[in-house]
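Would you mind keeping the following structure in view while I ask a few things?
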Amino acid sequence: MSTQHTERAPITVHLLYFASVAEATGRHEDVVHIAPDSSLTELYAQIQARYGITRPYRELRVAVNDDFAPWTTVLQDGDWVAFIPPVAGG
Amino acid sequence: MSTQHTERAPITVHLLYFASVAEATGRHEDVVHIAPDSSLTELYAQIQARYGITRPYRELRVAVNDDFAPWTTVLQDGDWVAFIPPVAGG
Amino acid sequence: MTKAPSTLATDAHTPALRIKGDTDSAYHLAYQDGFALLDIPIDAQRLKDMLDDERCGAFACFEGWVRNHNNAAAVERLTYYGYEALALNQGRAIMSEAKARFDITHAVAVHRIGELAIGDMAVWIGVVSAHRYPAFDACRWILDTIKADIPVWKQEYYADDSSQWLSNNG
Amino acid sequence: MTKAPSTLATDAHTPALRIKGDTDSAYHLAYQDGFALLDIPIDAQRLKDMLDDERCGAFACFEGWVRNHNNAAAVERLTYYGYEALALNQGRAIMSEAKARFDITHAVAVHRIGELAIGDMAVWIGVVSAHRYPAFDACRWILDTIKADIPVWKQEYYADDSSQWLSNNG
């Protein structure tokens, strides 16, 4: 038996929240399930919906596995992702 | 009785020598007598002659009474003068 | 300005207030990679000692201190939060790029996180080189790049109990 | 390069190797006028403590150290000679002009004279300001101006017993 659109199992992604993003989510970490081949912008949209975050992704940077990454990056199962609000060190 | 050129008494000037100038004179201080209204360049010429210094005054700066002064300054009795070779602090 | 965060939200920040390793490991990292985070007062002398070098005639240094005001508002204290793993990766890359860009011998930078009081040192940067201009230029570039790229966030607390997230680019 | 000066010539330099007052007076002058000469090792912490200010977020600092080489030649040690009275007058004017030119809160600079060994600090400059760029800019300007205008001379001694008068402008 076959389907036209193969239903692939969702992948698991870990999230770290910092500063104003942690303020909005009320937590430091999350685990979410998302469709394979999702992009970081799709992941951010899911988090926005869950926590009612209105800030557009363009105002943030994003890190995958402890390095900055482009928003176009495709997620892999087990990735650790952090949305990075404007920094204020120094 | 009168003379055409009034012979005025020489003034006394104190000299401080530093670095390569002290090297050339072999001393740190001097007292010299010079005609009134002499300029700093005339004083330097006198010191050059006394110690056989060939370095032209343009390569040095000059200080009068512990402040830098223009070479055109006219000497006053009791002035302290220092010829300042190129500095090397810092 | 918003009121101070709720207890829930504050707990959400707690992991970002402390470094994972101990202090000696952080200083070792500063020595090895040129960059580290600390969650206790920065020992400037200990960092400076890492830079001693007989070939160097110039030592340029910058310290960022917590000011008692920001624009018109009187600051009482502030908290720096850090994403340590990303900060260390970025820091290592910044210090490596500084050595490639400028004619310098060594450079070290450390940023503090956690609760700081007025006058506390938030960041220390030291650079040594044979001559003076590369030391100045690199020190300033490292500071600017840390401010732009190191994931550290600052929340200032004011006399009326309000607080504010600061941003370096706005 | 010339051979080391004769004893006679060395005596001619002796007054320029020591400051006239005591150490506490020199530090007081550094505090009051922003500039002093010292003829013993510079205590950077003592100078830095003069600059503590809660309004300031930025501390920029420069130290000039005696290098073990100058161009190709291996330097063994060196001697700084100073014309103290002129140096203090010039130094006071330089620090005053720095405060007028740059948006800084305080600045202090001290130059050492006498015999120095490799690694010794010859000059210390510290500047504090509300924001970072004026501190960097003033620190660099003060150093450049000290190098141009403070009557201090440097004689380097090399491994073969020769020595040389250095100059900052050529």
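The chains carry the letters A, B, C and D, assigned in the order they are written, with residues numbered from 1 in each.
Heads up, the rule we're going with is that contacts are C-beta pairs under 8 Å (C-beta built on N, C-alpha and C of every residue); 3 or more make two chains touch, one makes a residue touch a chain.
In UniProt terms the chains read A, B = Molybdopterin synthase sulfur carrier subunit; C, D = Molybdopterin synthase catalytic subunit.
Note that this is a predicted model, so its numbers are computed, not measured.
Taking the definition of touch as given, a chain qualifies here only if it contacts chain A and chain C alike; none does. In this assembly, the C-alpha centroid of chain A lies 54 Å from the C-alpha centroid of chain D. The distance from the centre of chain B to the centre of chain D, with each centre set as the mean of the Cα atoms, comes to 27 Å. Of all residues in chain C, those that touch two or more other chains are 64, 132, 143.
Along chain A, residues 90 each make contact with two or more other chains. Screening every pair of chains for touch gives A-C, B-D, C-D. The residues of chain C lying in touch with chain D in their complex are 52, 54-69, 118-119, 130, 132-133, 135-136, 139-140, 143.
Those residues of chain D whose C-beta lies close enough to touch chain B in the complex are 5-6, 8-9, 11-16, 64, 80-83, 85-86, 89-90, 111, 122-123, 143, 146-155, 165-170.
Listed in rising order, the residues of chain A touching chain C in the complex are 16-20, 22-23, 25-28, 63, 66-68, 82, 84-90.
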